[in-house]
Amino acid sequence: MARLVEYKDMAPRAKAVVDGIAKARTIDPAAINNVWKALARHPDVMERFADEMRAAFAPGKLDPLTKELIYLAVSVANQCDYCIASHGAMARKKGMTEEMYEEFMAVVLAAQKGNKLVMAYRVPVDAAFEDQ
Amino acid sequence: MARLVEYKDMAPRAKAVVDGIAKARTIDPAAINNVWKALARHPDVMERFADEMRAAFAPGKLDPLTKELIYLAVSVANQCDYCIASHGAMARKKGMTEEMYEEFMAVVLAAQKGNKLVMAYRVPVDAAFEDQ
Amino acid sequence: MARLVEYKDMAPRAKAVVDGIAKARTIDPAAINNVWKALARHPDVMERFADEMRAAFAPGKLDPLTKELIYLAVSVANQCDYCIASHGAMARKKGMTEEMYEEFMAVVLAAQKGNKLVMAYRVPVDAAFEDQ
Amino acid sequence: MARLVEYKDMAPRAKAVVDGIAKARTIDPAAINNVWKALARHPDVMERFADEMRAAFAPGKLDPLTKELIYLAVSVANQCDYCIASHGAMARKKGMTEEMYEEFMAVVLAAQKGNKLVMAYRVPVDAAFEDQ
Amino acid sequence: MARLVEYKDMAPRAKAVVDGIAKARTIDPAAINNVWKALARHPDVMERFADEMRAAFAPGKLDPLTKELIYLAVSVANQCDYCIASHGAMARKKGMTEEMYEEFMAVVLAAQKGNKLVMAYRVPVDAAFEDQ
Amino acid sequence: MARLVEYKDMAPRAKAVVDGIAKARTIDPAAINNVWKALARHPDVMERFADEMRAAFAPGKLDPLTKELIYLAVSVANQCDYCIASHGAMARKKGMTEEMYEEFMAVVLAAQKGNKLVMAYRVPVDAAFEDQ
C-alpha cells in the first residue's frame, strides 16, 4: 500500500498542487483524498497529472457530470477499484442519481458485451465508418 | 474475418432483429452495419445483444449522446477497433462536435492515467468513499 | 507484420520444433501455421512455447475439446484476433459444433458481464469462498 | 465496498431473483452469495444478469463443469478476484479435481503466452483460418 | 482508419509540434510517422502528448534504450499493434540487438505469466513488500 | 486468498524449487515470498514458472535492473498489485533510485497514453515500420 503524506507534511511543490485542487473543489486541503497523498512523494508525476485533470475537467462543451461518467466508464472497463470508488462519489456529488447510475451501468455492460462480440466474431469495420 | 450474412439472406429470427433496429434508426434494413450481418449466424447471441442494446439506449435520464460517449469510452479503454469506428460515427450522428470529441478524449486519457497511477502507487481507497 | 519463415528455410532448431508439432497433428510441416513461421526467428521463445503448449495439451483429465474452449475463452477475453481465428479452427477440428459454440459464447459473455459487475459494484469476496 | 442487502431486507424484485437462484442451487436464499446481495440495490442490472446466467448455464451440449471452466478462464484473463474465488468454488462443487485444476491453469497460462506472443511478433492470420 | 494529414497540409500548431520532433530526431518533418499525422487534427491532445513524450524521454538516469524497452513492454502488455511496430523500430534504432530482443521477450512473457498466476491463486502481498 | 504453505511444510518438489530460488537470492528458504508459498500446492505450475523466471533473469545482454523494470512495466500495465509490490521491491534492491522510478513511471504513463491514442484515432502502421 502507498505510504501517504498528509498535507501538513508535504513539500512545497506537492502542497501547491493540493492547494489548487482544494480551492477548485472548495474543500480544506487537509481533506484531500488519498491519491494526492500518495502522489505527494512523486512531484513530477503529481504536477503533470493535476495539470491534465484540470484541463480535462475545465468548463467546455461537455457538462461536468458527463465528464465524470466518461471517467467512470473508463475506470470500470479498466477495473480500477480506487477510481470507481472515488469517481463514483464525484459523479454523485455532481448530480448522478440512482436512476442515472442504473442507465450508466446498462450502457457500460452493453458496451462490454459489444466489444467482446465483435472481437470474438471478428467483424470487419464497415466502409461507411471509415470515411470520417 | 466473420462471414457476413446480407439482410436478404438472413433467417427469419435474424431478419426480425434487424427490422427492429432499422425501424428505430429509420434506415433501410439492407443497410444494416456489419456487426448484425455477422451476428445473423448466431441468433441467440444476436437477440440477447439487440435486447440489451435497446434497453441500454432506451429514453431515460441520460441523453442519447451521453450514452454514446459512455459506450465509446468503454470501447477505447478496451481497444475495440470496430466499436470505436461504429460508435464514433453514432456519436457524431447524435451531435458530437469536434470540440466535444476533443474534450471526450482529454477525459478518457486523464482517466487512463489516473487508473494506472493509483494501481502503480497502490493507493488505498479513502474511508469517505466507502460509505455510499 | 511479422516476417514469416517458411519451413524449408528454417534453421535446424526451428525445424525440429515444427517437426514435432506436425507429427503430433499429422500434417505436413510445410503446412504449419503462421505463428510458428514467425517464431522461427526467435528459437528460445519458440522452443519454450512449443514445450508449454505440448504439456498443456497433453492427454489428461480434461478432454482435448474442453482445453481448446479454455484456450479460446482466454483469447476472447484478451481480444487476440490471431488466437481466436486459429483456436476457433482447432476447436472445430476437435468437435466443437455450432450449438456448442453458441453455448460457449453465452458463457463467455456472461462471464464478461459478471467480471465487470462485481468490480463496478465493488463486491467483497464471501467468507465461504476464502476457505478453499 | 458494496453495501450488501441481506435477503430478508431485499425488495420483492430482488427477492424473486434470489429465490430463483436458491431454488436452482437448492440452497437457503439467506445463504445467497455477495454478488446478489450487492445487486439487490440495482434491480434492472440484477434481473438481466440473473437471466443471462440462467440461459448460459442451462443444460445443453456442453456439460456444467466445462461451462464453469470457461467462466473461470475468462475471469482469470480479466483478473476478477471475486469471480475467481466464487467460480473456483463452483467448479470444485461441479467436480473439478486438483488434477483438473492443474491442467486448467496450464492451458490458461499457455493461452496467455500465446496471446501475447502473436501480438508482440505481429503474426498475420493464416488464410486457412479465414474461411470458417 | 484515421484520416492522416501530411506535414505540408498541417495547421501551424501541428506543424510546430512536428518541427520539434523532427529536429530532436534529426529527420525531415515530411517523414514524420503516422501517429503525428493523425494527431494533427487534434491539436490539444497532440501538444499534450508531444510534451509528455519529450519529458518522458528527456536525458536522465535511465538510458534511452531502457526507456524504449519500458515503453515497448507496456505496449505488448496492452496489445497495441501500432506501438509495438513503431517502438520496436525505435528500440532497434537505439541499439536493441536480436539477443536483447530475445531477453526482452523472455522477461515480458515471464511477467505475463507471473501476473496471471498471482491473480489466479489469489496471492496476498507479503508484509515485507508493504513497507516501502 | 491463497492458502500458503510454509517452507517447512512443503513437499519435496516444492522445497527443491524454493531451495533453488533461495540460493540464487542468498536468502533463507523460510523467508521465501508468498507467491512461492501459494505455488507450493501447484507443483507443475510452480516448476515451470520457476524455470521460466530463471531463464528470463539469467545473465545476458540486458542488465538485471533493466529486466526488473521491464517486468514492472508489464505488471503496471496489467494492474497486478502483488507483482507491482514484489517487483517494485526487487527493482529497488537491484539499484532503482527514486529518480529512476520517477523516470520509469513517466515512460509507463506516456506509453499508456500512446497506446490508447493510436487505438482511439485508429492510426495505421507506417510502411517503414513493417519492414523489419
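For clarity, chains are labelled A, B, C, D, E and F in written order, and residue numbers in each chain start from 1.
Note that in this section a contact is a pair of C-beta atoms (placed from the backbone, for glycine too) under 8 Å apart; a residue touches a chain by one contact, two chains touch by 3 or more.
If you're wondering where the values come from, they're calculated on a predicted model, not measured in any experiment.
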item: Chain pair among C-F, C-D or A-D whose interface repeats that of B-D, sharing over half of the contact pairs by residue number; value: C-F
item: Pair exhibiting more inter-chain C-beta contacts, A-C or B-E; value: A-C
item: Geometric centre distance via CA averages, subunit B-subunit A, whole Å; value: 20
item: Centroid distance [mean C-alpha coordinates] between subunit E and subunit C, Å; value: 28
item: Computed distance of Cα centres, subunit E from subunit D, in Å; value: 35
item: Contacts with two or more other chains, residues of subunit A listed in rising order; value: 1, 42, 44-45, 48, 52, 55, 76-81, 85, 105-106, 108-109, 112-113, 115, 117, 119, 122, 130, 132
item: Partner subunit A, residues of subunit F touching it in the complex; value: 79, 101-102, 105-106, 109
item: Parts of subunit F lying in touch with subunit B, wherever the complex brings them together; value: 76-77, 79, 81, 84-85, 105, 108-109, 112-113, 115-117, 119-120, 122
item: Subunit A residues within the subunit E interface of the complex; value: 1, 3, 44, 48, 52, 55, 130, 132
item: Subunit A residues within the subunit F interface of the complex; value: 42, 44-45, 48, 78-80
item: Of subunit E, residues touching subunit F in the complex; value: 1-2, 4, 33-35, 38-39, 42, 45, 49, 52-53, 55-57, 60-62, 66-67, 69-71, 73-78, 80-83, 85-89, 92, 97, 99-100, 103-104, 106-115, 117-119, 121-126, 128-130, 132
